[in-house]
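Both complexes shown next keep chain A, but they swap its partner, so chain B is in the first and chain C is in the second.
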Partner chain A sequence: MKKLLKNDAFQTLIASLLCIVVGLFLGFIVLLFINPSGAASSIVEVIKNFMHFSSGKLRLKNLGNTLVKTAPLLMCSLSVLFAYKVGLFNIGAAGQYVVGSAVSLYCALALHLNWLLCILLAFVAGAIYAAIVGVLKALCNVNEVISGIMLNWIALYGANTILSNVKEPTSPYTLHITGESPSSLIPSLGLDKLFNNNSYVTIAIPLAIIIAIVILVLLNKTKLGYELKATGNNKNAAKYAGMAEKRNIILTLMISGALAALGGAFLYLSDYEQWSCSQSSVPGMGFNGIAAAFLGGLNPIGSILSSYFIQHITNGGAYVDLTKYSSQISDLISSIIIYLCGFVFFLKYAISSRLEKSEEKRARKAIADHEKGGEE
Partner chain B sequence: MLLLLQYTIIFASVLLLVALGGCFSEHSGVINLGLEGIMVIGSLGGALVMRFFPGLPPFVMVIAVILGAILFGVAYSCLLGVAAINFKADQTIVGTAMNMLATAAATVFVKAMNTAANPNDVSASIQYIEPKKSFLIKIGGFEFNWFMLVAIVGLVVAYVVLYKTRFGLRLMACGEHPQAADSVGINVYKMRWAGVLISGVYGGLGGICYIMVSASEWKFDAGVYGFGFLALAVMIFGQWKPTRIALTALLFGLFRALASVYSGIGFLARLNIPSTVYNMLPYIISLVVLALTSKSSRAPKAEGIPYDKGQR
Partner chain C sequence: MDQQYAIEMLNITKRFPGIIANDNITLQLKKGEIHALLGENGAGKSTLMSVLFGLYQPEEGVIKKDGVEVHIKDPNDANRLGIGMVHQHFKLVECFTVLDNIILGVEPNKAGFLQKGEARAKVMALSEKYGLHVDPDALIEDITVGMQQRTEILKMLYRDNEILIFDEPTAVLTPQEIDELMVIMKNLAAEGKSILFISHKLAEIMAVADRCTVLRRGKYIGTVETKSTTAEALSAMMVGRNVNFHVEKKPSKPGDVILDVKNMTVASKGHKKNAVNDVSFKVRRGEIVCIAGIDGNGQTELVYGLTGLEPLSGGTIELCGKDITKAPIRRRSTGGMSHIPEDRHKHGLVLDYTLEDNMVLQRYFEPEFTKMGFLRRKNIRAYAERLIEQYDVRSGQGPVTMARAMSGGNQQKAIIAREIDKNPDLLVAVQPTRGLDVGAIEYIHKQLVAQRDAGKAVLLVSLELDEVMDVPDRILVMYEGEIVGQLDPKKTTQEELGLYMAGAKRDEVIS
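So, the complex of A and B:
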């Protein structure tokens, strides 16, 4: 048991589970305050999500819908995670996600490009957009959080302007890709059949998981990953060791931005949602990505699980008793979870130091016993 | 033109108040990225006063709204204090979480309140057309807002407290070199708590001021449009000094005001620049300004580093 407790991965798992339980519990308390009569059943609905339906077919279809939105969330969380491993907090992932969404939608609806091309262009656009943050950080010492937030808003206004060229004449929403340019839709390759003909389920989902594994390998098994992490740990030491620390910062943010932008392309090129050109706040996907990254213990595999979980409760929010509560209760729970994630390091530290102390005590006792034995 | 001046001053007041909040927190050594969230919760506090006591006489109304905003702002800033000072959490994560939590909590709360009052009302907004009038005094064509005075008082108080009192100098010492401060008997944890709570006061005030000058009804699911972060940019450009922050706030306020009133100014309207450009302008300007000034930053040296007594 003690050996298990010492294991870093196990500690992370325990800490994350604790965050989830406490987050759900606090969410429950909030529901109780609003209206005690339906609180228990509503929090159960949030946890159940697609299990809300009784028929197996509907369950499958709704599981598919949750997965469709998990893919972009996973990409955003990988984006945040990758930058964080290099010591950068990429809150600009939200804006890079917007850029990816806008570019892929514009390429699909206005230029009728092939889906692969749309995705690639979104990838490049995200990288370039994030490079602004990188250049400002590396060359001008601008705090990446503040420049990231500024760029989020600029991206939002820009996307609204560009996409109003391809919106429906009577509503603020962009056109459906299915009607305009079917070749721009990400292919499903039979995956839709698995989820009761849910046509939004595309290869974006397995692709996102593959990218997560690629990131894992890149960070842990390659020279580039090592250099980037070294730069994150100590910029000056990395420079002293002959690494191009400025280039590394910019490169990190470019990769991070490209990942977030892919997320936008993955969602909007499935035609699951249309962009509203009148939206006045930055989409929450990028911010939820921060939650998923930290809840997943800053590990790409952990991110897969935590992204699914966050999206699961976000979708589940739609099934609460809407006459009493609002679906934003899920946002509340996920933001409580991120807040709690701030305490994870403290918790892990507490566990480790406790273990060390008890071991020290035992060792001392052993020495004392030994000495006693010698006297006799 | 008078309108532009009026909007510039009032938006500058918002930025000044919030930036001063950030200034106190950072001088004590805690980076406060949660200012945006503190603004949201502070504005909720003030808006609730206006919603539940709409009939107060004007003077009492002004005081009550201000107190409501301060109370909520301070209470919310405790989340940052507990996490960053007592539990040594990562200040960036906690600040970000606070921003998300504020919008989500305010939305859930206001929606629940509206639905309880009227089952068909599922909006997340509070309107305050009548109470808002208590804050305005017409002087010719210029509309004076009590918050302009609050901002000036806030500036004077911040300057005096930071530079002319024992408390302020000790607070700044904790942000520069907490170990040294501790060695001469200053309680670093207490000082940092003071910094964070004062930033709650200023942030809450800035929040209520912002929603009242922007509209007569506030939708709480929209947050405060990144104003907390604009204020942080103002603070950085102001080099963490109250007087320079005030001048910077005026500059930023001008660009924000342009977005509101450009269509009423003859030559700007004739230029025919799309409104998106004006909306983006404050954010673009702040990026440029940050790029030009961050290199020679005078940031408190120990900001963002949790204080650990045992550390050498």
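So, the complex of A and C:
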């Protein structure tokens, strides 16, 4: 047990779970303040999510919906995580996600390209868009957070402009891919059958998990990962060792941007949502990716679990009793929980320092006992 | 009788899981004395001081102040008892002025408004009294290391501390500043302050301390009067055997020119003047050439230019007959240049990488360690284990130890192992023994001479006079970015070297 407690991965897990519990509790308190009568049942609904339904078929269908949105979140979380391992804070993931969404939608709706081509073009576009941040950082020492945030807005309005060409005539929403260009939809390969014919469930979900594993391997087993992490940990030492640290910074952001853009393509090429060309705020997916990355302990496998959790409670928020609360309540509750996710590393630190202290105390006592025994 | 001691630490024992850091150690500091605490890295000096500052609680033993037993639970208790410390790495706010730093934490105020006039008067009076010259309005980032240290000392005096601890205070100073510090310490002691001087530089201890307590591997070895002992005897106490101060080496047999630097010029970051100005020299096979000089006279920039960390603004460099003036760092490294950097934390190591990952920092891309883009972990482990064994690099968990968790001496040994094992034609070693203990210094000097004898060219950059006199076959003195003298260590004296270093003497050097 003690050995387990000292294990780094286990500590992260415990800290993450603690964050979740505290987050849920705080959400509950907020609900209590707004309207005490529905608080308990509402928070239970959030946790239950698709279990809200009594029929097994509906449960499966709604679990599928949660998974459909988990895939893009996982990609954004991998994007943030990858850059973070190299010492860069890619808050621009939100904008790169928008670029990926826009390019994939445009390729599908205007050019009627095959789904694989749509994904690849989104991937390339995300990489190029993030390269702007990388070049500014590497060559002009512009902080990646500043340029990332600016580019997020440019991406949003750029996307709105381009996608206005492929929107429904009477609404701000883009056309349905199903009607316009069925070959642009990511195939299900039978996965939809597993979720009660939920046609939005596509191979994007297993693909995202495979990409998480690829990132894990890339970071830990390859020469490129070795170089990138060295650059992130100590860019002076990387330079001293002859690594091209400027190239590494640009390359890192390109990979990071490509990952986020894939997230956009994964969501919109399933036709689950339509892009609203009148939206005036950057979609939260990229920002939630930051929370998911930290909640997952900055580990790609952890990201899979944390992305699912965050999407689970976000979807669960939809089942809060809207006769007692305003419709924004679901976003409020999930954002409180996501906010708490940022505290994972603080809690982890608290756990390990507490552990060290108690160990020292025990060692001291053991020695004292031993000596007492010796004297007797 | 007890009254004569300002602080007594009696029979202190402090254990950590698996190790006894302090084993029944007694340290008695008399009022008005300078008491040296001598020991190698890992001898338990830091732990003992942490106990005195209340950072650790000892399992056994008592601490007495003026003969009365005290319990020090945290650093605030230590401050209240008048104990102050100048850390090896200064604790100063870079963008604050000297005065602001001195009053930091004990700012005199009326209803929340600073009363700096009062503070200034007190600081200036103290500065006058002890000969601690500082400019109270200068920013820390603009002043010399020596003045930063005087600021730290004033910080202690401003708080009316009676017991002053200096943790390896000379490691960062130039020879002139060291002399000044010695005078200051003696002044302080004469005014009744009690000084604890932590060091492993024997010459300084012999020069300034009244008594010396020696620790070795957590054990108390003894306390001696410096008047009645010698540096040799102290060092034997410290390392448990006789240490050879003099570097044993046969006369050098210089061969082909390996490094040929012509008219090298490197621009300075802060000033208009060039940091390195029109410097030319050669290093041959089988010789150790030392660049000597006071810190900040262009040595760092010279090495940066040589190794590719900074671009040259003029001149050429040839390595083994090939022009490498514009070559990237990687090509210099694979072309036969090894570099033991000045700052092992900044350049030499990735501190959050394991020891084995650091061991391949210069070679990870070679086919032995990378195949198809994947690291060959088994080979890396085997290679690291061989270096650890061969160069006696000690660490808690062997190859998987985090570099951050290793002692400074072993970090340096790891770098030296890595750089020497590359089998270079030219070894550039910049202050390779900085901050290390006698045993490690002896080891590193032997390695440098061994490289020379194996037919390598060695370029040593050093600030330590003993090292400059002892190790190289040829000395080049740098002053304000230029080489102002070439000396033969066998024929010159420390005094003559000092004159060149201070810019009082210069020759036209033709190499």
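We take it that the second predicted complex is superposed on the first by the 327 of 376 C-alpha atoms of A that agree within 3 Å, B and C clash if a C-alpha of one lies under 4 Å from a C-alpha of the other, contacts with A are read in each partner's own complex, and residues count from 1 in each chain.
By definition in this document, a contact is a pair of C-beta atoms (placed from the backbone, for glycine too) under 8 Å apart; a residue touches a chain by one contact, two chains touch by 3 or more.
Just so it is clear, the model here is predicted, and its values are computed rather than measured.
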Partner chain in contact with A:T222 - chain B first, chain C second, else both or neither: second
First (chain B), second (chain C), both or neither touched by A:E359: second
Chain A residues touched - chain C or chain B, whichever exceeds: B
First (chain B), second (chain C), both or neither touched by A:N160: first
Which of chain B and chain C A:H112 touches, first, second, both or neither: neither
Partner chain in contact with A:N236 - chain B first, chain C second, else both or neither: second
Partner chain(s) touched by A:M150 [first = chain B, second = chain C, both, neither]: first
Residue numbers on chain A that touch chain C, as the complex places them: 221-224, 226-227, 229-230, 233-234, 236-244, 359-360, 363-364, 367-368
Chain B residues touching chain A - in the complex, by the definition given at the top: 33, 79, 83, 87-90, 92-94, 96-98, 100-101, 103-105, 107-108, 111-112, 115-116, 119, 122, 124, 221-223, 225-226, 229-230, 232-233, 236, 274, 276, 279-280, 283-284, 286-287, 290-292, 294-295, 297
Complex contact set, residues of chain A against chain B: 30, 34-35, 89, 91, 132, 136, 140-143, 145-147, 149-154, 157-158, 160-161, 280-281, 284, 287, 290-291, 294, 322-326, 328-329, 331-332, 334-336, 338-339, 341-343, 345-346
Touch list for chain C against partner chain A, complex: 15-17, 59, 307, 309, 328-334, 339, 341, 346-353, 357, 361-362, 364-365, 370, 373-375, 377
